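Multiple structures are listed underneath, in structure tokens.
Two complexes follow with chain A in common, the first pairing it with chain B and the second with chain C.
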Partner chain A sequence: MAVEKGETDDALLSEPTDTQHAALNRTPSAYNPLPTFDLPVGERRHYQQQYADMYFARLAQLKPAAEQIASEAWSDFEIAGETPRRVDRVLDVRQGDLCWVIGTCYMEMPLKPNVLDDIGKEHWIAAPPPRVKYTDDENDQIMLEDESGRLRLTGGMLKEHILVTGAIIAVIGTENKDGEFEVLDIRVPDLPRQPPRWERDDGDAAVKGKKVSRSRPKGGKVAIVSALGISGDAGNTLPLDLLMEWLLGESTGPEDQQDAATVSRLIIAGNSLSHASPIPTREELAHAATKKGPRKYGYDSSTWNAAPTDRLDTWLAMLLPSIPITLLPGESDPTATSLPQQPIHLAMFPHSRTYMELPGTKEVSWFNSTTNPAEFDLDGWRFLGTGGQPLDDVYKYVSGEERLEMMEAMLRWRLTAPTAPDTLWCYPFQDGDAFVMRECPHVYFVGNQPKFETTVIEGPAGQMVRLVAVPKFKDTGELVLIDMENLSAEVVKIEIFEGG
Partner chain B sequence: MLYEFHRKQNAKKAGTVHATYLITGTRRVEAAPSQTNGVHSRDGEDTVMQSSPVLPSSSMPRPEEAAEEPSFIRSIMLVKEEHLDQAKRALDTVASIHVYSLEANSLSDIQALTECNRKVATSYSSEDPLQAWKQYGTIQNPNARRRTRRGPPPPPAPVAKDADVKTKPLVPTTTSKKESDTTADSKPPSAKQTPEPDKKGSTKPAQTKRQSSDIFKSFAKGKTKAKQESQSSAEATPAPEPEDEPMGGFSEDDAGDDATAAQEDETKVQAGPSKKDRAAELQAMMDQEDEPMEDAPTPAEESQDAETAIDKPDSQKDEESKETVTVENGRRRGRRRVMKKKTVKDEEGYLVTREEPAWESFSEDEPAPKKIKVPPASSTNAGSKASVGKKGGKPGQGNIMSFFGKK
Partner chain C sequence: MPRGRKAKGAAASFNAQSRLSFNNSARVTKPGTRQDDAAKKAASKLSDPAQAQIEDEVKAIETPEAEDEPEEATEVQITPEPESKKVDVAIRESPLKPKTTNPKTKKNTVPSKDERELAAEKVTDAQLRKYWRAEEDGRLAPRIHQESLSLHEKILRHFDLSSQYGPCIGIQRLQRWKRANMLGLQPPVEVLAVLLREEDKKTSQGCGKLAYIDELAGGRVVLVE
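This part shows the complex of A and B:
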């Protein structure tokens, strides 16, 4: 090991000795996951119910909050001497009457994927490439919906706001002679209550009767990486090895190793495997149909390639003795495709399995394979993260490019996945929409984004949320480090210099 | 050390050794100008969208303020020696430079370096990382929690998967014999009380490939079920452990994937030759021929040794290998083999009744029961019938009189 400083070379160029070097110890990480997105297992999980119930539940959950914001904003609103009044149902709006109403936004977009079109086209033509955006300015319509009915919205104000299907909004305006509601202003429920740091851990300790300690150990850093994209081909896994060596403290110099020792947890936010989704794509199906030979019904296990999961598993197993890991599944990971994706089963990780607790035990695993989206407390801060599917879906609805703004919008709507179940597959929740945020997180991270972006937003009650868009490691080689003391984000980029 | 070697060799004869360096440092990155507001609009974009606040209460700092400060990123770069100076210039500050690897010629494919890590993983898989890695200078974490394994750990990543799939290890038969004997010996009472063996079986993590192939075998209907049943009939009880009870909760609809998977793999070896016959029969019956079932793992004699310290299956001696009958005082006493019926719920929720030979001690003052003759006959019957694996079949009742007998 050498540094290119001429005078100190000889000091370092000595024979290996037997002296024991002090090993670095990693900063501990206080971790406490929330079961917000755990679905019931086995027979208690039903799919018989309708999705409409989810919308009603969502409206019922968010109506009070939206009402409060709207009435504060519009109670003294006056136009031409008229004060607005609150209307309970969307269909109660009268023509010429200034009023405000709360409902669910519904975007009627002809370019949205339509299941009836899919079925009709399936046999005739190859699948068209998926659209980047569903927006079509001439044909899109925005409507407000609640239990009573729908109301079409118009007005220039609409273009200035990000709206997607499923967002609960309060609109003020009046009905014009076409029967459409002309919108003057829009309000959203905005950020919910944010728990102070360590609130949940202190609360748990108080409930158990333990003394609540005022002094907590100083937090370290958290590394968030996304889209490792391990496929079976061996061509591009060197950055993974470099990442592993850096995290383990095997490579780089002493200062960097000390820095690496402050990284107390690694969060992998989705898409660790690149082709492991259980649902075959249309191309795969077409290929299978044209294949000669005996037709195999059901699953054809000869096409199983264990190399990617094996690679992921050994990589994780090499990291686990030193650092705890939280693994969120993503779109291309071997778990259900509908949100909330359940944790990747420990059967996929034969080497790393010993670090996972068995399902059914209450203890938190060292290697925590968790749901997508996931909510957990880390060093007292509340984290909310997804593997990227909700944000990517919202992106398709909106004609802008600003992903951070969309993330902010999702927080202000208090919805983790606003477009579910419209264009995003999800579980038909019956009792309450699990995607409604009850408490505001301190850090909101979304994986699988094209580039790293971060900012801090502020809420009406002083909540501060750090938004982080985590880039794809496979493409950019970047991972995000978040400092637990001040919640600042920095990037570490691992690359292979190409010269030239 | 690497540096010294590199220097010496190149001093002797230039260009013999080529180094690849790992450089760390910081680099300045300009904030991307894409976050502009409507004034600097992109081509064809709707400028109105960008320029106005998109949400009424948006408090995000507008891009104009943020654009001035460049952000620093930490960079870790792998650089070939010819590009070293370039790389150093590209970084604003250089924290460290280390020789990452040495090779005779410049690496044509830099990805080949992953081979090193892979080799390390495979050749040192028997080490326990929590103890051994202190030597390697990795960052230690005293809080690491690991639970003990009950089965042997999976083999290190095999290169040729197909080769492994097809071989059948004979070495583990010694340990397996002990395990299989536990199943055969006197635990019938506990056999009655064990909950569904599929759930129990699921608790033992089996080898990778076996497991993965078994999971997907459950999709290939028919053949798998047969094999699974034959296995469960061969074993009276897998030794359950209480902590693994809750595992059952995880089995989803599809044929209890976990269940079919992790049976005690060694019991397969026990049923060796008959299994091959059954396999041949089944293959004749069904057209599907996925992977052959003999994919029991290549493992790890070595890992088994390592693991025996951690988890030792109860290897009891085989006590009763034969029936004994002693006569005293006109009482017959001893142990004998008896056919016992066992009704179990297998992975798909079907109730299957099987007859299994079990040992029991008896003591009677009646003459030797004629029943002794019947069990051997019906046991072979049961054996072959169970091997064919009729779900829900009732072996041993080929006798029509049973229909009229006591119900």
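This part shows the complex of A and C:
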């Protein structure tokens, strides 16, 4: 920042004055999280149940919605003079009869991870590299399943729709002579009801007897960043520090500081630490097996490196006095690997702990370490976000590259994690699948994606959802800003100038 | 992993450290036989205020678990929120009658039943027989190998095998009915009437809590009570 001769730079070259500098105040943010993905604690969390309960609950919850959409679409469908009839069970379809049925989609893919392969791999020296996609066009089969059985689906229509295991679909068609169901059309439950802005906050105030204020303060912007990737190596801390300075308004000039002051909340969407996952990978296990010396059963505490969590904690603690933060865990974060991942415990944050609520209390604190996926109300808008695992898993099932299309498909299936018990580890819900979306969010963000993408999709009842794919901060240095008044998304890129 | 293996392996390891258990059955203040404990304490020779204080504390520790159990069955959304409310209720109760207040606090915090559950409480034995006769008349041939079973057991086995209410393995019959009701599948109220009769020793005809095929397959009672 050189000062040219003759140019007055009032900010730097003026005599000290007594006038007070106007302190910029950050826009406040109204935040109200939902406990949708909180698992019961301690005794009440059980793992003895089978996943069949979860699939059954998912089908039972989404069947009414799918039925309504399908009956509206196909009530006047006529082909060759035949009208379709609704069939209750998947096995009740008859050959040559035009009918429609609702069930769960199941993709039989030989390249999907198979537990039997895992057992076989332990006897070999090296594991094959993990696959990018499970699709294999010759050998894949798509089936429709419900409590009665499975029905194989065929037809050209299947290629035009994104289908993954676990999606609830309604299909119309007929059974051909091979016993397979030829599909003529597919319908999905589509977007659920979208609550109007401020609905929950107004409802809470009404319940408590407070006066519902019609005028709300103007919302600012919310910053979403993902994959900070703190690993304890010294190499990657400068962009983080620049990000912190930008958010605190310590860097840049007055106009940019004004912009930074409108950012009312920071959401960190997963993967803040780069390899802190508790379950060791196959390579780490192999390395531990070959290590000589006294064998330590269970956890070897001498391998603990506190630098990454320390770095994350001090970084958060420097930001927290100024800006509220919501932290979602990701795949490589120190919390359970099965979805829904529970909040990172406050024991990991010795400095930031003062801003967190005590465990067991239900208040919402300034620093909200929350679940993954997470659903919350921010400035009245309903946000739904994940750390990226569900979308990355759906990506492996689909032979395309369009991540926004997959995000749209997940919303239209009303499932936050459609592949959940099949190839994505998850908690065995027994009473109801928590991944079924009951209400449509206004903003759906997914972290840990290769690049920034955004669009707005529309639902049958006029719902509008802003989809945001948040890029990895470690690779791209980008963070996403969403304006709370019109829900538009923009990107701030932090780059280090390298080179002579 | 097959169920039996873990238990055998742990018992057989010869420098066996005693198994750490994180469940409440190993705790000193056991929520098992509440009424008996309260009766014993009533008969003990402590002075009344000290005894009342002890009972109060015991209740405060035990009632959160006692009240969690009926809550768990009827909630679809798994929220730990009601817990804090229940603890407050327990502590504010008067310490005078420990024997009778425990079942009362249980009923106070169970969520209100919906109409089908209330209708199930009013079902008479004649209605049960009529329901079962209607079910049997719907079939072409009579059921064989069920002559030795009681009416309650026949109704419950038919409910177990009705797959539209979900898998019957790994869940108790009452929990399964409540889950099917919560999901809007309208399981017959007569089945709930039978299940409620089974809860009571006087009207029970000896049916199990788990589905019969689950018991055959070596099912364990899931601790969601």
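Operating definition for what follows: the second predicted complex is superposed on the first by the 480 of 500 C-alpha atoms of A that agree within 3 Å, B and C clash if a C-alpha of one lies under 4 Å from a C-alpha of the other, contacts with A are read in each partner's own complex, and residues count from 1 in each chain.
One rule holds for everything that comes next: a residue touches a chain if its C-beta (ideal position, glycine included) is under 8 Å from a C-beta of that chain, and two chains touch if they have at least 3 such contacts.
Since the structure is predicted, the reported quantities are computational estimates derived from the model, not experimental observations.
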| item | value |
| --- | --- |
| Partner chain(s) touched by A:Ser488 [first = chain B, second = chain C, both, neither] | neither |
| Chain touching more of chain A, residue-wise (chain B, chain C) | B |
| Chain B versus chain C as contact partner of A:Asn139, first or second or both or neither | neither |
| First (chain B), second (chain C), both or neither touched by A:Gln50 | second |
| Contacts of A:Asp190 with chain B and chain C, given as first, second, both or neither | first |
| Touching partner for A:Val41 - first (chain B), second (chain C), both, neither | both |
| Touching partner for A:Gln95 - first (chain B), second (chain C), both, neither | neither |
| First (chain B), second (chain C), both or neither touched by A:Pro64 | second |
| Contact residues common to both interfaces of chain A (with chain B and with chain C) | 41-42, 360-361 |
| Footprint of chain A on chain B - complex, ascending | 1-4, 22-24, 27, 32, 34-35, 45-46, 48-50, 52-61, 66, 71-80, 82-83, 86-87, 90, 95-100, 110-111, 113-114, 117-118, 121, 129-130, 133-134, 136-149, 153-154, 156-157, 161, 205, 207-209, 211-213, 215-217, 219-221, 243-247, 249-252, 257-258, 261, 287-288, 290-291 |
| Footprint of chain B on chain A - complex, ascending | 1-4, 9, 12-13, 16, 21, 23-26, 28, 41-42, 159-162, 185-188, 190, 234-238, 240-242, 244, 246, 248-257, 260-261, 294, 296, 298-302, 304, 306-307, 310-311, 314, 317-318, 320-324, 345, 347, 350-351, 353-355, 357-361, 365-366, 399-402, 404-405, 408-409, 412, 451, 455-460, 478, 490-499 |
| Touching residues (chain side chain C, partner chain A) in the complex | 22-24, 65, 68, 72, 75-81, 84, 163-164, 166-167, 169-171, 175, 179, 182-185, 220, 222-224 |
| Chain A - residues contacting chain C, complex | 35-36, 38-44, 46, 48-50, 52-53, 56-57, 60-61, 64, 147-148, 360-362, 429-432, 434 |
